[in-house]
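Two complexes come next, and they have one chain in common, subunit A, joined by subunit B in the first and subunit C in the second.
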Partner chain A sequence: MSQNQAKTVAVISDEGPLINTKPLMAPSVILLFIWMIVPLAMTLWFSVRRYNLLDPSSTSFAGFDNYTFLLTDPTLLHALQNTIVLVVGVLAATIIFGVACAMALDAPFPGRGIARLLCIAPFFVMPTVSALIWKNLLMHPVNGLFSWMLKSVGLPAIDWFSDYPLISVGIIVAWQWIPFATLILLTSLQSLDREQVEAARMDGARGWTLFTNITLPHLYRSMTIVVMIETIFLLSVFAEILVTTSGGPGEATTTLPFLIYKTALLDYDVGGASAGGVVAIVLANIVAFFLVRTIAHNLER
Partner chain B sequence: MSSVTLKGIRKSFGGLEVVSGVDLHIKDQEFVVLVGPSGCGKTTLLRMIAGLESISGGELLIDGQVMNRVRPDERGLAMVFQSYALYPHMTVADNMSFALRLAKVSKAERDRKVNDAAKILQLDHLLQRRPAQLSGGQRQRVAIGRAIVRDPKVFLFDEPLSNLDAALRIQMRIELARLHKQLSATMIYVTHDQVEAMTMADRIVVVNKGVIEQLGTPMEIYQNPSTVFVAGFIGSPKMNLFEADTALENGQAVAILDNRGQRIPLPVDPPRGARVTLGIRPEALNVDSQGPLGGEITVIEHLGGETLTYIDIGNGKLATVKTGEASLGQVGDTVRVSFPPDRLHVFGPDGRALLNHRNH
Partner chain C sequence: MEQSTAQKIATAVFGWGVSLVMAFPILWMTLAAFKTENQAISSPPVLFFRPTLENFSAVFERANYPHFFMNSVVICGGSTLLALLISLPAAYAMAFYPTKRTKDILVWMLSTKMMPAVGVLVPIYLMFQSVGLMDTRIGLTAMYTLINLPIVVWMLFTFFKDVPREILEAALLDGARPLQQFWMLLLPLTLPGIASTCLLATILSWNEAFWSINLSTSQATPLTAFIASFSSPEGLFWAKLSAASLLAVGPILVFGWMTQRQLVRGLTFGAVK
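Coming up: the complex of A and B.
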């Protein structure tokens, strides 16, 4: 018995696993590869073509014309700016409100279970639905809840989507993502060692000092995870913009994904849209590079 | 001067009373060990002294001042937790100086105190590390250092050695005893390990089910356990405890053991027909062919310097005999043992000792 085992061990260490696993893994690896590489290759291909759907029969090689046009167009810069403002703003809002909600929901009070459920609920509402609700029921300048509230204290109504378009979109997106941050931060809070808090209390920390010196550092890790995951999704926010402002007024809420959509499906310029897509990929990779580096550094500790 | 006085301290969680009226006076510079089985309320008692748990009833005084409602950081105490509870995101130096920083002590003063404490605990070379980079023993020392730096009136320890391996535990035990001398501090130490209590304490407080069972110096408690519980809890190997009936034979009170009806004359007169428990320390038993107890040797344990022999005195009841390097015989041999009359402990039906041994 033990001799047999010794032999098996020897075989594994000499020649790798007993079964050749490569053919078994191949289908999924190939599928994944095609899944990724074909759209990427097509995007790269179209980005160097002159290709407009209004005249699909006349296509030709464009070289870097699409890129030159795009990169010299102030619209792109504006879209990039909007994207960054939206992503960073929503990240900041979700972290701040997420921490606040998590702290509140961690403290014992009657009805905590129901409060937790309600606080998590927005996460399960579809983006289009929540955007429509905000647009028509809450932020509507005539029928909205907010304008009614302002009117009842004697203030003029605000036309949210024309006066503060990007902020309004940001509020809607933040409303959907705060529950996610709350959930992650709440679990993290619950894992905070009770004795550590008590040691800090004996050391004289309480209230704000306890929060900044013990609780917040404990939450850094999960904040990093929230930032990483949310960034991935926030870079591609689309439905909320389409439903509420359609990128307007003017270009005020046109982000990079929305610009690509406009170029491809409103201007029918497949070449230009593909070039925009490539720019987005490069941007996402730059962000991913820094994110992964800081996160790896943070998680190591 | 820093003394701690507990007057009728109680604690209930909901309807459950966990600490039921503890009276205790701890003198300045005393090392008091609270010892008891797990779940008896030691931690709760310590946490009430620390101010981490509210006091349901009674009075807590530190240096004669009532402290029931004073905040934990204003009681002038420092606590070392079982899990060490170091702040993982701070360096060792920052961990130790945290309390001083919150108290707005100047940087120079903080550094001086941290360095002093680090020197006492041999942590000098570790000051810039984080807790995750330290071994268990080192973390333990940092936790103690964090307490020392605050220069507290009283040190509180909650089973600080229970996460360490056996060798390190013995070493830390010695270091703690040394530290107590060096700092001349009052220390209250909680443990379930009677060896720690015996070796370190000036005074032991044996706690059971939320009340103080007995209180005294280690030797007092070892020689004069006031209840069956204390007799069984303190001392290793455990004291031999035998249940017995009592009777009066020829004007002499005797105990009749349950096992084989062995008769043992009693130095006290228990109430007529009372059930008693007899206690004899394993080292008090000697081979004696005329001895009252006897039976077959079932197990022999050689521990090197000492030998434990287990004798079946009837119905599977084992008597433990402790000797030096030599054992009493071999497994299967039948031996008889006796004991000096003054080493016999007799406990009444209520579990309380019926006589006191003053001297040995």
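Coming up: the complex of A and C.
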């Protein structure tokens, strides 16, 4: 590969003009650089300021007051807890159901192409639509389909968003992300060495044994990638919460993104929200660190 | 591998069962869009009914649906086109004239995608307000261009990488200039890849809900934020909600299905192909 590249470069410098790649790179690099640095610097700056939009004239240096306030405030801890529960719960659900769906759609059967399309469709539904469809048509305590189903088997109806708010939000988010896991795991399954499977079959491996010893280890790498990429996106789940529960009841579904949104745009506390933003950035970066390393490693192959 | 008939049937039932369960909310929404409001909220649910189009006409006339739809189209189309124009040269340079730093640049670009939107909500919001970008199509277009730029560069890069070098070398030896080579050879060769990159960028911006909700109020509101306005509890307009949702989701669903194979590559930054 690298030899090949060297050759290309050589050919180009001999025969044609060696093009200057800087102007080609510049627009995207400069734009992304500004996009990365400016808002981040501003968030950091605001996070050490006392700054309320209701009284913008009296801003002052606050040191770490915003952080101290935030970190000692039970609301943040609660929001962090909700965020982690939501992310971990949805991750577990998407991996388990994603593997199940991928296995179901890997084996050939009539109409498999259409079945695959149906299965991945939820991923393309905009978050506000899926949240509202689930909240009303399916999970509504009186008129929803689920409550009718429960009633028709003699069980009491569940008031999903009052009694199990975080779980309900989790179900919706998981429904959106299972197709993502399915799609990636399905792609990965297709590169499974069929001969290896056949050999294992010859040796008498069946069903579950075959699955845990051959299939699952093969899927492990893609699963890590699914987990990391989903974590990045799940850490900023916002619209689903806004349109279903608005963070409530109480603070039951207030996650970190929603708390920051509330602090900034409903309480107009720029300083506090920015400190929360810094916490969110730190959290995401812990995950991003591992994700970027995995993908960079991949680039070398 | 020999399979008994029973096994074959089990496979088909499992496969179709899983898919229908996953797609059920969408199918149920589609049904509700053609019901009257009374049928839509009735419990037990109405399965057989005379389909009506009145929800669609209501959504079009009273909710000013075309306005929001056009916002989405303009913002998504604009940001996709912009991102493509900015990314193409960069991806080309990195794929065919790699330097020592190319890999670092790629990884750095990817890492800008890891910034949680909510972490920079405050500065972006204040900036938008102070320069008058709040609730404008231009503002949201710029936003989505930046958000999608790393993904577009990466995807184009992986497609360019897949082009056999021999073909390009041959063209150069035949005296083609780099720009000619780019237009006459590379673009046609990678057109399917470029198309699916565009589709993915469009899908992502069409469904983006964080910035659209926070940076628009009415003039530039795209569909994601418009649908969010149905969340107000007064009045349960399920049939109209479903009709509006179906119209909002329909086109992008088709795009998604068209590009499903390349989707994996784009969303995993080439880590899974």
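What we mean here is this: the second predicted complex is superposed on the first by the 260 of 301 C-alpha atoms of A that agree within 3 Å, B and C clash if a C-alpha of one lies under 4 Å from a C-alpha of the other, contacts with A are read in each partner's own complex, and residues count from 1 in each chain.
Criterion: a residue touches a chain if its C-beta (ideal position, glycine included) is under 8 Å from a C-beta of that chain, and two chains touch if they have at least 3 such contacts.
Predicted model only: the values in this text are computed from it and were never measured.
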{"item": "Per-residue contact with subunit A, leading partner among subunit C and subunit B", "value": "C"}
{"item": "Partner chain in contact with A:S236 - subunit B first, subunit C second, else both or neither", "value": "second"}
{"item": "Contacts of A:L150 with subunit B and subunit C, given as first, second, both or neither", "value": "neither"}
{"item": "Partner chain in contact with A:L291 - subunit B first, subunit C second, else both or neither", "value": "second"}
{"item": "Partner chain in contact with A:I158 - subunit B first, subunit C second, else both or neither", "value": "neither"}
{"item": "Partner chain(s) touched by A:E198 [first = subunit B, second = subunit C, both, neither]", "value": "both"}
{"item": "Subunit B versus subunit C as contact partner of A:I214, first or second or both or neither", "value": "first"}
{"item": "Which of subunit B and subunit C A:I167 touches, first, second, both or neither", "value": "neither"}
{"item": "Residues of subunit A contacting subunit B in one complex and subunit C in the other", "value": "198, 201"}
{"item": "In the complex with subunit C, residue positions of subunit A that touch it", "value": "4-5, 7-9, 11-12, 15-17, 19, 21, 23-25, 27-29, 31-32, 35-36, 38-40, 42-43, 46, 100-101, 104-105, 107-112, 114-138, 140, 142-145, 147-148, 152, 175, 178-180, 183-184, 187-188, 198, 201, 222, 225, 229, 232, 235-236, 238-239, 242-244, 256-257, 260-261, 264-265, 270, 273-274, 277-278, 280-281, 283-285, 287-288, 291-292, 294-296, 298-300"}
{"item": "Interface residues, subunit A side, partner subunit B - complex", "value": "193, 195-196, 198-206, 209, 213-214, 217-218, 220, 301"}
{"item": "Complex contacts: residues of subunit B adjacent to subunit A", "value": "50-52, 71-73, 77-79, 81-83, 85-89, 98-99, 102-103, 130, 132, 146, 150"}
{"item": "Residues on subunit C engaged by subunit A in the complex (per definition of touch)", "value": "1, 8, 11-12, 14-20, 22-23, 25-26, 28-29, 32, 40-45, 86-87, 89-90, 92-94, 96-99, 103, 105-127, 146, 149-150, 153, 165, 168-169, 172-173, 175-178, 203, 206-207, 209-210, 213-214, 223-225, 227-228, 230-231, 236, 238, 241-242, 245, 248-249, 252-253, 255-257, 260, 263-264, 267-273"}
